[in-house]
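I've put the structures underneath this note.
Two complexes are shown next, each including chain A; its partner changes from chain B in the first to chain C in the second.
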Partner chain A sequence: MKDPSLARYHLSVGLGRAALRIRRWQAERKALSAKGWNSQALTPPLKISPYTKELVARHYLEGRYANQGRKVAWVTSGAPVEILKALDFYVLYPENHAAVCGAARLAEDLAVQAENAGYSRDICSYARTDLGALICGRTPVGSLPRPDLLFACTNICQTVLAWYRVLADHYQTPLIVIDTPFIYQQPGEHALGYVQQQCEAAIPLAEQVAGKKLDETRLRETIKHSRTASQLWMEILESARHHPAPISVFDQFIHMAPIVEMRGDPQTVDFYAAMLREVHERIDKGIGTVKREQKRLLWDNLPLWYRLRNLAEMLGERGVALIASSYTNAWGELAEMIDPHKPLESMARVYLHPILNQGAGHKLTTLQRMVTKYQLDGVLLHSDRSCKPYSIGQMDQRERLSKDFGIPALLLDADHNDPRAFSEEQIATRLGAFMEILGV
Partner chain B sequence: MSLDIRALGLDLGSTTAKIVGVDHQGCLVWHHLEQARPRVGEQAGELLERARLASNQTERLPLVATGYGRGLVQQTTHKITEITCHARGIFRETGHGGTLIDIGGQDSKVILINPSGEVGDFAMSDKCAAGTGRFIENTARRLDVPLDQMGRMAWEAEQETPISSTCTVFAESEVISLIAHGQPLDAILRGLHRALIKRIAAMVIATGLMLPLMLSGGVAWNQAIQCMLEEEFKTKVVLPRYPQLTGAYGAALIALGSVTSQ
Partner chain C sequence: MRAFSEPAKQRKEAIQKHKERGGQVAAVLPIHYPRALLRAFNYLPVEVWGPPQIINRPSAAHLQPYICSIAHNALSFLLTGGLEPADLILAPHTCDSLQGLGSIILDFIKPRQAVLTLYLPRGGEPESLEYLAREIQSLYNQLELLTGCSPSMADLAESIHREEAADRALSELYQQRLVLPLDSPAFYRLIRSREYLPAEVFESAARDVLSVAAESAQQGGTPILLSGIVPEPMAVLEAITTAGGYIAGDDLACCGRRLYPPGASPAPFTRMAESLLHAPADPTRGSPIQERFEWLLDMAHRTGARGVVFYEIKFCEPELFDLPVLRKKLMKSGVRSTVIEIDLNDGLTQQNLTRLEAFLEALQ
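Up next is the complex of A and B:
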């Protein structure tokens, strides 16, 4: 290897990977005796967990050294990342990084840093967490690589536009924006053509930053991996049709990291194939997610990253299994639209269709379909102060679910990353009363 | 003389602590109410001791705890939210379903009660004190008006000064500013009550009004609240005999039910 910095990168990452693999083996041996686990209410955690931890830790480890040997792109969660993957970029998802900070209970401190710098508390807590990390340099993953390219797609929200412009200004880095027109009913051909043209136009700039040409065979392969991993993920989610459901929404939240931040990688396909095998094993053995499944619920919107365990226990103690989520579903439901033979056309279609880029009526239909598919007894709608596009329409959706569909539904006011918008007692009373209505 | 108490309900709210005893038929035969104290567990113990003395029983009576402090009651594992308890209490007293508005010290709730007495749906005020008893209490203290006269003064006022702020803290400063500008006190009080009613009415409409309309919680004693609600919804508001005890009464009935169903 002629390039010494590339050699350093491979050495550091190689050593780190070996250490992480050893840590995973050690964790796998201990997995069944998870410390502090409420085994009265919950069944043992998934055995795949150390594998997930290894993948995520490895991803951030590679990020730590990425500037030494690779080009780095920062992207939004709904961006057509396959183009960048096929160009060998190391891809970082600031939203996922913010979620990692949330789960590590660091988000509040980081958000305050951003607020002190003048960012309003009304801005998304993911954006505040990441901007705070940028300002003070603190992160639970060691360090983040500097971006060579920023890649934002508006199919999840409009906040990303302003957020990525701030990043572009800070890093003096080129920014590519893919604008996805909102779908009120069906997307017109002009919308598909418009997004496809933008993807095509993004390629020369991405190639310029990458210093290489896009290989179409590589792009098709990457898209194929995205499709296979999304199909496997969907199959895992659909296992919740079984009684008792083998995995919970909390498991889904934890194990969704690879499908988001490692989409298009072959190891993501291997990971979900392994996870599906474990899920089938649980079904065969009749292992549910809670000890005695009495009622089954759906979760709408992003998770409360700082309260996953508490919420799982609060519900599990009453035999309530939270088993389906419109949020985790969003990473699998579009799998069949992905077509490796029509790379750019299918990318345009897929990235136009996320649930957040469609009307509130579409979400209501999705929720109703999931209630039937998974035989659910109720719906929890997290009214997320940070995620306005996800939360708008929830009051009407709640009313329609309960009045037209006869499904009890509860609104919970909180925030996905900022615990200051979470009121413990208020949530406990609302959830308690809701479970009393359900008769558990 | 000892009372025939067969079950107890303990409602530990943010402002007051209530305990109710019921006889074998579920009739309210004894109660005690006092200001809530910070040491909830200790207070619960004292209230239960009072109940023991009143009933003169040596055996532990069935008990259900409700209210924000319910998790801190060591003497029972049976803890039910105040939403279910209020519904149970009012249903037993009135014998019918409807929409129950419970304006408590810390939050307000709208509870839809089915004709069979079960909770059909509910809504709670969000994370702020606007639209709660604390909103009135704070202003009463700030204006030096006795709490028990607030409602009468507001209702009898001939004028009404609109209060634009729904935040308890901001409303307080708005009131001070209005007084400084020479607005009459009773008109301001009427405006304050109107602001609270508008907030509650929005919750009722969002949940869906099912008649009759009923009112519980300490604020039910406030004449202006009751009358303004009637004005707002053009319907009579039903009040239980002891509005503040509805939750504790419901808790006691659930405790009694858990014994009789065994």
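Up next is the complex of A and C:
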């Protein structure tokens, strides 16, 4: 290898990968004996968990050294990333990084750093977490690579546009925006054409930064991996139709990392194939996520990254399994739209249609459909202070679910990453009252 | 010269006159939309920026408390019959909150009036231009279905020219701001009458004022720029004057960010799209921070403004994201700034007044 920095990159990543593999084996051995699992209400976590940890850790490990050997793009979670993957970019998802900080209970400290620098507490807590990390240089993943390209897609919110404008100014890095017109009721054909045109226009700039031409075969291959992984993910989610449900929403939140940040990679397909096998095993053995499943609920909106285990325990103790989520569902429900033979057209269609880019009525229909499909007893709607597009409409949705369809539904006020907007007592009281309604 | 001392009364009169002439009224949510298209269908666009200081309890059944007061008030106004005079509601896509508001009005509230939406693109040109032209054309088709009218291309062109003339007059008012015999409250009442007056009436009122422009500056005090969404409560304008300042220019979404240049294309839909997309930098249209900074700095240089008051509505993400970087850049260029956060339903608090006074004193 002639380039010394590239050689350093491969050496560092190679050594790190080996260390992570060893750590995974150790964790798997420990998991097999189920030692250390002390929950009265919940069954032990999926055996695949060390594999997930390895994948995520490896991803951030590669990011740590990426500036030495690869071009780096920072992208939003709903962006048509296949273009960048096919151009060999190392792809970092700031939203995911913020979630990692949230789960590691570091988000508050980092958000305060951003607030001290002038960012309002009223802006998204993912953005504040990441901007805080950028300002103070602290992150639980070691370090983040500097972006050569920023790639933002508005299909999840307009917030990302504002956030990435800040990043573009900070790093003086080109920003590609894929703007996806919001679908109030029906998408216009011109919206599809507009998104496709932007994807086409993005390619030359991405190629310029990557220093190479996009290989169409590689793009098709990447899209195929995205489709297969999304299909497998959907199958995994649908396994929760079984009684007892073999996986919970909390499992889904933990294991969704690869479908978000490693979409388009062949190893993501392998990972979800392995996860599906384990889920089938659980079904065969009659293992549920909650030890005595009595009621089944749906979760709407982003998770509370800093309270996953507590919430799972709180519900599990009452025999309540939280088994379906409109959020995790969003990463699988569009799988059938992905067509590797029509790469740009199908990318435009898929990335135009996420639930977050569609009207409040569409979300209500999705919630109702999921309630029927998964035979659910109620819905928990997380009114997320940091995610306005997901949260606006929930008050009407709750009303319709309860009054028009007889589905008990509860609104919980919190924030996906900022624990300061979470009140333990209030949530416990509201959940307690809701469970009484459910009869558990 | 017309006096715009009672905007609410003027608004009612404008609606009444238009209806008497057989026209209809379109209630329009903020910010950008093709006025000329609505007028070509004989709809008078009347904008709904809140309105401020109303009881917004009805909206609390639909919107969470962390949604901005513009969305809350607009919904409360609708739910309490405030939009009854309107025959149509147009909800342009401005931000996540107004997107959500438009969506729940369409899907859940379902008012008597037809509700139409318009997506304002944030991508690069030429894709955005082509998209917006087609989006406006789609709006034309929906209005055609709604009204049974089909304005010809010539009708559209005439309507566009009328609006462009009004926009030119608006720009001239800004250019001659210093020599106009209007204090800040009077100036902004005139500027904001564009939110409800027919273009030709606004143009005539603007020309009246421009015709009595003096040769030398009529305004005294410390010149500042006002940035944000909307100058409500309007008492803030008087407070600035009282504290020894005057507003030499603005970067307000309802005012200075809508100094639309005329389009260039002979094709009406494209021309309307060009005009909207080429307006001054605006965070809700996804303008880069550097572009906003250059626009503000240039305005400060042109007007001699010594500082910027960012007058922000609570929870307004597009505005809030830019502030730290924007303020830092301005500071480096010698332009100081302050941030005042407000809610449309609060009066101007003593805390904000003090901050304003302290800022103006520091500039003096």
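What we mean here is this: the second predicted complex is superposed on the first by the 433 of 440 C-alpha atoms of A that agree within 3 Å, B and C clash if a C-alpha of one lies under 4 Å from a C-alpha of the other, contacts with A are read in each partner's own complex, and residues count from 1 in each chain.
What we mean here is this: a contact is a pair of C-beta atoms (placed from the backbone, for glycine too) under 8 Å apart; a residue touches a chain by one contact, two chains touch by 3 or more.
Note that the structure is a prediction, hence the values are computed from the model and not measured.
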| item | value |
| --- | --- |
| Greater chain A contact set [chain C / chain B] | C |
| Touched partner set for A:Y119, first chain B, second chain C, both or neither | second |
| Which superposed partner A:S423 touches (first chain B, second chain C, both, neither) | first |
| Which of chain B and chain C A:E436 touches, first, second, both or neither | first |
| First (chain B), second (chain C), both or neither touched by A:V209 | neither |
| First, second, both or neither for A:S402, with chain B first and chain C second | first |
| Common interface positions of chain A, toward chain B and toward chain C | 395, 413 |
| Residues of chain B that touch chain A when the two form their complex | 68, 71, 80-84, 107, 118-122, 124, 126-127, 206, 208 |
| Residues of chain C that touch chain A when the two form their complex | 61-64, 66-67, 93, 95-97, 99-104, 106-108, 117, 119, 121-124, 127-128, 130-131, 134-135, 138, 283-284, 286, 288-290, 314-315, 317-318, 320-325, 327 |
| Chain A residues touching chain B - in the complex, by the definition given at the top | 395, 399, 402-403, 408, 413, 421, 423, 425-426, 428-430, 432-433, 436-437 |
| In the complex with chain C, residue positions of chain A that touch it | 117-120, 122-124, 127, 154, 157-159, 161-163, 165-166, 168-170, 175, 177-179, 181-182, 184-185, 188, 190-191, 193-194, 197-198, 201, 359-361, 364, 383, 385, 388-389, 391-396, 400, 413 |
